Amino acid sequence: MTFAAFHKKSRRYSKLGLAPGTVKYIGERKDQKHIVSLIEFDKDHCNSSVLDTNKVLETFFPNEPKSQWFNIVGLTDESFIKTLGNSLNLNLLTLESVVDTHQRPKIDDFDHYLFGVFKMVYFDDNASLKYEHLAMVLIEGKLITFQEVEEDVFNGVRTRLSQEASRIRQRGADYLFFALLDAVVDHYFIALEQLGLKLDELEDMVYYNPEASQGQKIQKLKKEILKLRQHIYPSKDLVQKLLNSTHPLIKEETKVFLRDLSDQCAEINETLQLYREMSTNLMELHMSTMGNKMNEVMKVLTIMASIFIPLTFIAGIYGMNFDHMPELHWKFGYPMVWILMGSCFIGMLLYFKMKKWM
Amino acid sequence: MTFAAFHKKSRRYSKLGLAPGTVKYIGERKDQKHIVSLIEFDKDHCNSSVLDTNKVLETFFPNEPKSQWFNIVGLTDESFIKTLGNSLNLNLLTLESVVDTHQRPKIDDFDHYLFGVFKMVYFDDNASLKYEHLAMVLIEGKLITFQEVEEDVFNGVRTRLSQEASRIRQRGADYLFFALLDAVVDHYFIALEQLGLKLDELEDMVYYNPEASQGQKIQKLKKEILKLRQHIYPSKDLVQKLLNSTHPLIKEETKVFLRDLSDQCAEINETLQLYREMSTNLMELHMSTMGNKMNEVMKVLTIMASIFIPLTFIAGIYGMNFDHMPELHWKFGYPMVWILMGSCFIGMLLYFKMKKWM
Amino acid sequence: MTFAAFHKKSRRYSKLGLAPGTVKYIGERKDQKHIVSLIEFDKDHCNSSVLDTNKVLETFFPNEPKSQWFNIVGLTDESFIKTLGNSLNLNLLTLESVVDTHQRPKIDDFDHYLFGVFKMVYFDDNASLKYEHLAMVLIEGKLITFQEVEEDVFNGVRTRLSQEASRIRQRGADYLFFALLDAVVDHYFIALEQLGLKLDELEDMVYYNPEASQGQKIQKLKKEILKLRQHIYPSKDLVQKLLNSTHPLIKEETKVFLRDLSDQCAEINETLQLYREMSTNLMELHMSTMGNKMNEVMKVLTIMASIFIPLTFIAGIYGMNFDHMPELHWKFGYPMVWILMGSCFIGMLLYFKMKKWM
Amino acid sequence: MTFAAFHKKSRRYSKLGLAPGTVKYIGERKDQKHIVSLIEFDKDHCNSSVLDTNKVLETFFPNEPKSQWFNIVGLTDESFIKTLGNSLNLNLLTLESVVDTHQRPKIDDFDHYLFGVFKMVYFDDNASLKYEHLAMVLIEGKLITFQEVEEDVFNGVRTRLSQEASRIRQRGADYLFFALLDAVVDHYFIALEQLGLKLDELEDMVYYNPEASQGQKIQKLKKEILKLRQHIYPSKDLVQKLLNSTHPLIKEETKVFLRDLSDQCAEINETLQLYREMSTNLMELHMSTMGNKMNEVMKVLTIMASIFIPLTFIAGIYGMNFDHMPELHWKFGYPMVWILMGSCFIGMLLYFKMKKWM
Amino acid sequence: MTFAAFHKKSRRYSKLGLAPGTVKYIGERKDQKHIVSLIEFDKDHCNSSVLDTNKVLETFFPNEPKSQWFNIVGLTDESFIKTLGNSLNLNLLTLESVVDTHQRPKIDDFDHYLFGVFKMVYFDDNASLKYEHLAMVLIEGKLITFQEVEEDVFNGVRTRLSQEASRIRQRGADYLFFALLDAVVDHYFIALEQLGLKLDELEDMVYYNPEASQGQKIQKLKKEILKLRQHIYPSKDLVQKLLNSTHPLIKEETKVFLRDLSDQCAEINETLQLYREMSTNLMELHMSTMGNKMNEVMKVLTIMASIFIPLTFIAGIYGMNFDHMPELHWKFGYPMVWILMGSCFIGMLLYFKMKKWM
């Protein structure tokens, strides 16, 4: 690959030399449109609206007693993000992470807000896994989420919000933060199950219908597992960090839920580990099965060659043209040769039977 | 696999979008009947009875000085579980775990109760391993256990309860909690021994009667070990957590037993680790043995071909029809060819003997 | 294997349903006789005697100022063990471990005594490794050891005890406890060295005299190493636990010896690790060597076949019976065919030389 | 290799027997010229100049309120380094590390200064990775960097320094220290991406265009990954050490940036780990693919040989010259043989079809 | 191996049954002569002398203000060691370790002295690695070193001692202790480099000149790396222990050097780890290369056999002796057979070209 080609592909190259905290969109969806939706709720009400991007900042953050959830879809408008960040007094490093769609999952706690980045995992229409960047800022009474595409990962949460007695309405923005995290982790389980089923199918094929091409399929699955692990493995530590945090935005009554979530993340990580070992074992079995198939091929060759090469040799003998070959003139020479060849044949068969090659 | 097919199989999909703490049965035994049995005991008495499911809640928890062990079999009646949970003031997350038969083993301590989930492991009639969900709630003086099927795992404990001088009767519900845990762990050892014997048998076969199909058997055993490990590996940490806990429901005099149990769990984990390494070694040996068999097949082929191909060549020479081939007319041409071929034959044999291929 | 057959073999099955702390002999030596020997010693004296089993408990523990070492051989008499335990006020769990010959190594400290279980490792007459159960109870001024057979592992200690100025005599029972432990660990080194020498022998064979059967030998050795590790690996942690313990029965002046013992255990564990890696490497080399042998077999086959199959073809040509084959009637047809075949032969030889296959 | 040849190559041999703290250049660029450049800056100004090596020490460190960044290129002038070190009161061990271009990355904190060694990683013109030694000394208000060649790794920082409102100018030398570190780590990401792209290319080839030579390429890549890891793996711990340090030269307001850098280093290490596993999987796939190719070769051989060897045998039979072979004189003898051979042929074909070898 | 043969070889067997702290020489150099050399030094003087072994103890340790370094070569005279130990009030366990040349590296701190055991690593004349036992006792103002042979590992230190302004002279015995340790670790680097070069050479051979015998060479190198690791791996922890120690004999001003030494040990351990992974990769490459060679052998066989076996069959057909074979009498029968065979030949060639086997 040429150097120039590399630079085109590199996500990092464009940031080289920039100061840390430079707000620069990094990602593949450069033409994404901005949509800002707002859900305002308290115990008794829940209003949902779509904001005009230009007027967002005007109507932003009135001295509202209701909890507010701003969901911002589309991250390419760097100046909007910067203005928003300034008005909320967010750290520049936070804003940098908001628009870096390759940002590794993390939780950062600042004095007046909490910042989290996670990967959402879901199926696309081809039932293959997709990873989406999710950034969340929790400020007193407000939650702002940033994503690139509108996904249904949060639909369940929205439904619950619209229900009168839901716990989210009663507990406000910090519980909403947790509820979104919980929805993200729920989708991790779905992804894991999908992989598990793929693994099961592949296993059945390796056991009952072995083929050379399965090696590639197993390795592809292993790579998918590795990639999923890279994206969701950090979650457990992050939830644990939230659980141990004494940040005032994390209320004590939410912690029992975080503990539960942490257990779930532990289960996810264990299952990922299990899948890795199972896929490694599967590859081992595949290679052993392929070896056995080759063994069988070789046996057929050996049996055929060992039986017929000596017989051909015998026939060759009596195809020689010497003047003086007494056997050729015997009356029963020809049948005797057949008897000799038959004996060889049966002897070889018995030998291979004894060796259990047949 | 289609998307729809996946959703049918997925245990998680049905929970997607539900609030954490939603009590929803997850499992395979949807038609299970409910049986609630109660054992009341103190130092001098032990009464066992089966309760009417409808009247359980009425007769539940009188201001009884005796210790009570409620064993609830069948988890599909979500409303019953919820009513029970409310009357005992159990956390919703606890109830969610009670009816989630895929819940990973865990210990949660709440202010007024302890909650534990474990997997019971036992043989079914085909001598293959089965895993059953067990949830236990320990409240002052009362122990409630939830399971899906009636198993004999606790029979020993019931027998001991019916004996006059048994330690369980003297020490009450928290010791009973420990005793049930101990019975569960005892069955882990049985399962381990079973796997160990399978491993020994397989090893004998790989050593003394190697066959290609053993690769699959070893991999199946490895998978069984992995699965057993997934279910019983967390136990040690959980018992350790109980041991270090200062929860008032865990009395000091029980801790010496917990320490012993923790040692047993450590032994289980070590043995699991040992079995994994042994099965890995066994697979390695199997593959090496299969390789050697192939080696032998190739040697037979090579010996047969190397001996007879040159001889056939010699016979071919004197089968040519040239007008002028003086050897054909020699008086001893034919015997001389036999001598030549015999020399080749013996030379090749000696060569292969020297190479130790025969 | 049938279920019934499994239960016969299972050591655990017989304990299923028993209360923890049930004193039940678990092991293979059910007909072992009891021998109780007592060594009483102080700085100036050392008397050794064999006690009558029936009268042990009468003559047991007089208000003797001398240190006492009771060595109890044979563990099948459960009632004797229980009576002994009661008179010494030992925990039931301790007694259970005393008679469970499969008990994993452990150290338990109780208020008034220390309890340790270790495995003794020694050679039997076939120079193969044997593991023996050893339980030790240290009570103020007294040491009681339990074993199944009389072994010479402690002979060195007995000899030192019989010597006037020996340190054991001066320091009493707790130093004797350490000295026995030290003797046990010394035998671990002997076992390790034995394995090391086996490994060296096997390595020499794999290098200089490779054979297919060595795979099995290496795997057997690996299993022996795994088994030895399982039994002696915990020792280091146990000695470390003693070293860090503040139990009054472990005197400060003994700790310098425990530190030395802990270093020795660390060395044992490192050596075990080293042997495992060396045996893994050896297996790898074995498989690579076997592969090379197969390679050589294939080369011989390929060379023989590649040289003689074309030659046979040429001979076959001139064995055809067409009416019009001018070459057959040429005067020098026959020698020219020899020249042609010789050229082929030499060409193939050169080709194989060039490929470095010969 | 002879002993003498070894000594020539050995970087360590030349230091054998020298006292620790001996300032001796170790590296490959012995003819490097010295260039000392100085950038002086405060909030309002930023002057850049190249100093005369001879006069550096005279003009060095006036009682300047501005922050100063001395960049020293070329490390072979040991006496200059020593004089510089003395005038700044640097530890001899620090100076030794400055001129040891093989020094492992490290952070040392001394009372009045901080010392860091890192590896810069960048592409050379052949797009292959190069490692360069970087040493940094941070003293109150001054930063001195030592490198062997002038690289553009710091160009971005220089540009930012020349900008009016840049954070570096406002925060001074300790933030500059961080900014350089950040630039170094940014280049690690570029190197990682390059390796990732190589890995992707290789993967595509192994999947879609497998060849024997890819084994070597994969192993070369694995070695490159190992080497990169060796050089950049320690960075995370070092940044963490800075983060946890209470050294007065690391100001609190820089720590939020260090935390971000530490997260980046964590991501680097995870990615390195991921690449290692991916390259291991790739090698496994390569070997499995090669095995399958061999399998296919063997199948062709087996099919050809199994079909034609028996046919040749049949032809051989009727090439025999017995006087009495009735079939030879049958009218339809020849066509019948063809029919026989055709049946054999078709039979073998069906057999191989059934075995799915064709 | 017989039992008796084992006992002869066993180093441990001779110690079985001895009390801990028994001073018994364990090693291979039983005929070594004793040499005791003494270097006395302070800031201004440095005198070197060889002491008469018989008179050592008389002239030992006068109330000398100078620092003293006793270097004792030869460890077989157990009584001398014991007398020396008694006069210095050394622990018996220390003396036991002094004369046990297989002692694992360790640091023990006693109230009035520090004791260290290390392995010196150096080349012998065959450029192969040798390990030598080194024991060091540091007592106020005195350092005693014990070794088996006179090696030049410490020559550099002796030279520095003889120089006027050397740091060792100024700082006394405890710095000398460090300086010797530093010299030992410097030689570890030399050994590592040697191994690294061997690894590079082997790698070149595996890449550019692959041969079956390289498997053994790689495994030998792996074993050398394992052995070197076993001996020098503990060093890092030991230096770290010294660094964290508050023993009065380790002065604060030495700690900066110990920190540097600890960094060096960390580098050594990392490099060892790197070499292990590289050698594992190399073995993998070797096996993959050998597999590819076999692949090539098989291809040649398959091509030769697949081309010529069918041709031979055709020739065989027309060698049959049927009375009625019309083709034999065709005028162009013979050339047509040639054309047929030529077509087969070219067809097979094209097939193999298509398969990319040629």
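Lettered A, B, C, D and E in written order, each chain numbered from 1.
The working rule: contacts are C-beta pairs under 8 Å (C-beta built on N, C-alpha and C of every residue); 3 or more make two chains touch, one makes a residue touch a chain.
The shown structure was predicted, so the numbers you read here are calculated from the model rather than taken from an experiment.
Undergrad: Considering only chains that satisfy the touch condition with chain A, which of them also satisfy it with chain D?
TA: Shared contacts of chain A and chain D: no chain.
Undergrad: Spell out the chains that contact chain C while also contacting chain D.
TA: Expected: E.
Undergrad: When the C-alpha atoms of chain A and chain B are each averaged to a single point, how far apart are the two points in Å?
TA: Their C-alpha centroids are separated by 26 Å.
Undergrad: Hey, how far is the Cα centre of chain B from the one of chain E, in Å?
TA: Between these chains, centre-to-centre, one finds 42 Å.
Undergrad: Return the residues of chain D touching two or more other chains; collapse runs of consecutive numbers into ranges.
TA: In chain D, the residues touching two or more other chains are 291, 294, 298, 301, 305, 309, 312, 316, 319-321, 325.
Undergrad: What topology does the chain contact graph adopt: line, ring, star, complete, or other?
TA: Shape = ring; chains linked end to end, path closes on itself.
Undergrad: Ring chains in order, chain C leading off, chain E next?
TA: Starting from chain C with chain E next, the chains run C, E, D, A, B.
Undergrad: Note which residues of chain D are touching chain A in the complex, please.
TA: For this pair, the touching residues of chain D are 123, 127, 155-157, 159-160, 166-168, 179, 182-183, 186-187, 189-190, 193-194, 197-198, 201, 207, 256-257, 259-261, 263, 266-267, 270-271, 274, 277-278, 281-282, 284-285, 288-289, 291-292, 294-296, 298-299, 301-302, 305-306, 309-310, 312-313, 316-317, 319-325, 357.
Undergrad: Show me the residue ranges of chain C that touch chain B in the complex, using the header's touch definition.
TA: Going through chain C, the ones touching chain B are 1-3, 6, 9-13, 15-21, 91, 93, 104, 106, 108, 212, 215-216, 219, 222-223, 226, 230, 283, 286-287, 290-291, 293-294, 297-298, 300-301, 304-305, 308-309, 311-312, 315-316, 318-321, 325, 327-329, 331-334, 337.
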